[in-house]
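The letters A, B and C name the chains in turn, as written, and every chain counts its residues from 1.
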């Protein structure tokens, strides 16, 4: 029975995960062509061994060379990383106090507070991003409000800027930060802080010497959970960002759908994946270490 | 102690064991859990596997149930070789340490679970379940779910479920481990009662020597994957074959020395020109290192030098009053510390001994046992 | 600490305001009379009428629900099998690859998953439509299901399965009659998660959908690109309402079960 339980999902994943990947890798080494499919060479199995050899001899790293030469691409990678890092940091700044407040809240409130954090997570991602368009637009609520209280006289350009992208990422990924941080803070025994104060710590130094180190595993997990998907984000930059917002997910999308250059899109995907492998492996190690420590 | 004359199949050369364990070994990688064990268990026996955790007793039981396959050797049950027979095809049932009651099923359905697998018709299942409910006095709780039961009730459901299929052999893995002490003692007698009523062969795994001594017809003491001694509780206690067993079962004082003359009794030279006597244990040679094992309750304490053959002098360093008895820790002039237990038959009668008193300890020649070290 | 400090109250208030105000504005302005979404012109439910009469939305919604139902169901079956196999089997050839493939889609950027699946479908000549979206959604959702189910299986008492075997079950019977009923809440949670992920997905669906099948997120995305519209507000409000009711109902049911179990256990202990 266990054999069947392994074999069926295994086969599914090989066909629909591993093979597609091999195809992306292969096309990334092909050349763009105006044909259907829009790349060359295509594998001609009818030609037998010669066909296979001809096929392999035509594969090359041209597209990758192209990516390094055209500054659009490496700028997009750099800008994706920069946006992801900064918005991860901002999410931490917003999320930590919320998680901390939840962990210190009376026990009977906590399930309700948890619910309030989880609820947006179940609600459509697209709708949550969309909600900000109406707020950040030139005639949007935020500009109306700011003009009403008299801080500004002219509407600020907020939508279609990188600022809007930061806000969008912080907003949509906030639950991913709050939940792990809350989980590690909630486990903490409050008498530890009393002990620290009893031993001469001020409130502030008790926080730095006791709370922060104990919350760190949750903070690290939360940062990975925000950073990894943020790098490849597409919806937020395309709805909230402007023409100047360079993010690699958007570049890939446009390369594929607008320019129909599949080989370059595939090469973009391969490099994005190579960039993400480092944080993914680090994250997995961190999780494994935590599981070990949890025992 | 189940030492009556009526039931002694292991002494009867014509009796055939129900279970034969022949040269069984079990290795997990480099670790040897069971090392070449051979054993026969007879029909209607209440057999206990006793040992500290990690001694291999649970592995041995899981091999009987079919959850582990022996690396070497053979197990037969009622003459049939069990090699390759999966747990669901064995006439063996097990009561799990965690009870493993199915949380989604009622008491009734838990007990009926195994019967339904046999495709018995509904009336027979119902009749058998009712019989089991009556046997374990669970009638009123039949509709409850496991989480609505107390620890003791759960234990009885687990027993009823395992007994429902009328197995040839019932395996009990630490069946009373999760109960508190008082309930455990009551339940021990219930178990013996049910075993006797149904005539099923029981094999119990336990690390609690009192429990094993109370319930079992024979006890196998195990350590490091080996059988150290297999015998009735009485003989295990009175005639342990090794220091390990003597020390593991109950309290014992150990006095080291060298063997002098050996006969029915053996002489132990333990201090400058002084010797003690005790029954001779197996394979004793004069001159070898040996130990005298003497139970604390077999030692008498007195102020004046007694007449008895074995006597030693010392000073009281500790007194424990336990209600029904008092224990004295006496430091002998020669060095060793001896523990002696005295029953408190009349109120506060023996309390005339106090700390730092010089006392004599004595016991008869047959009270102790000389065992090779 | 018995009472919340001012700092904690402020951070909780601001935090939840940040989380909820955008959605509240969205909901409130879905009842706006005016076509201009940022100017309040009186209460009206006319945009809901527009949504309900909009055939394109309804068609897309129907496609989305069907895709979500089938992909969540297949993903739940496959994900549960995978989680069980990983938990119960020791070493086997390709175990590392298997666990890697189960884990990878969780962290894979959606654009890459979508692109690679599209290229596969083209390579094997499969016409894009509902089937291809279902295949794509199943693939990434089964990984989420397997994570949810594995975390339940970790605390599953293996002796329950052994007891079932001991009482005469075959391994498959033990799985269906004991393991599955007990882990059912996790399996259902996995299904719900897979269903929501599928309902929600824009990127992978955009790659794998063909002209014959458009899902609701694709429809919303293409109209949102042109700016805010009260109709989309109304549609969003309907979706938020359904999700909220669903999530609250699920949590109330599970909370009731937990408290009932606790009460039963407390009563049982008094019987001893």
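As a working rule, a residue touches a chain if its C-beta (ideal position, glycine included) is under 8 Å from a C-beta of that chain, and two chains touch if they have at least 3 such contacts.
Just so we're clear, the structure is a prediction, and the values are computed from it rather than from any experiment.
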Contact graph of the chains (line, ring, star, complete, other): line
Nearest to the mean of all protein Cα atoms is the Cα centre of chain C
Contact-pair count is greater, between A-C and B-C, for A-C
Here the gap between chain A and chain B, centre to centre from mean Cα coordinates and rounded to Å, is 61
For the pair chain B and chain C, the C-alpha centroid-to-centroid distance in angstrom is 55
Between chain A and chain C, the Cα-mean centres are separated in Å by 18
Within chain B, the set of residues that touch 2 or more other chains is none
Listed in rising order, the residues of chain C that touch chain A in the complex are 1-2, 4-5, 7-9, 11-12, 15-16, 18-20, 22-23, 25-26, 29, 37-38, 78-79, 81-82, 84-85, 88-89, 92, 94, 98, 101-105, 107-112, 115-117, 119-120, 122-123, 135-136, 138-139, 142, 146, 171-172, 175, 196, 199-200, 202-203, 207, 217, 220-221, 224-225, 227-228, 232-233, 236, 239-240, 243-244, 246-248, 251, 255
The residues of chain C that touch chain B in their complex are 157, 159-160, 162-170, 173, 177-178, 181-182, 261, 264-265, 267-272
Per the touch rule above, chain B residues touching chain C in the complex are 65-67, 86-88, 92-94, 96-98, 100, 102-104, 113-114, 117-118, 144-145, 147-153, 161-162, 165, 183
Listed in rising order, chain A residues that touch chain C in their complex are 1-2, 4-6, 8-10, 12-14, 16-21, 23-24, 27, 37, 94-95, 97-98, 100-102, 104-106, 111, 113, 115-120, 122-128, 130-135, 137, 139-141, 144, 171, 174, 190, 228-229, 231-235, 238-239, 249, 252-253, 256, 262, 265-266, 269, 272-273, 276, 280, 283-284
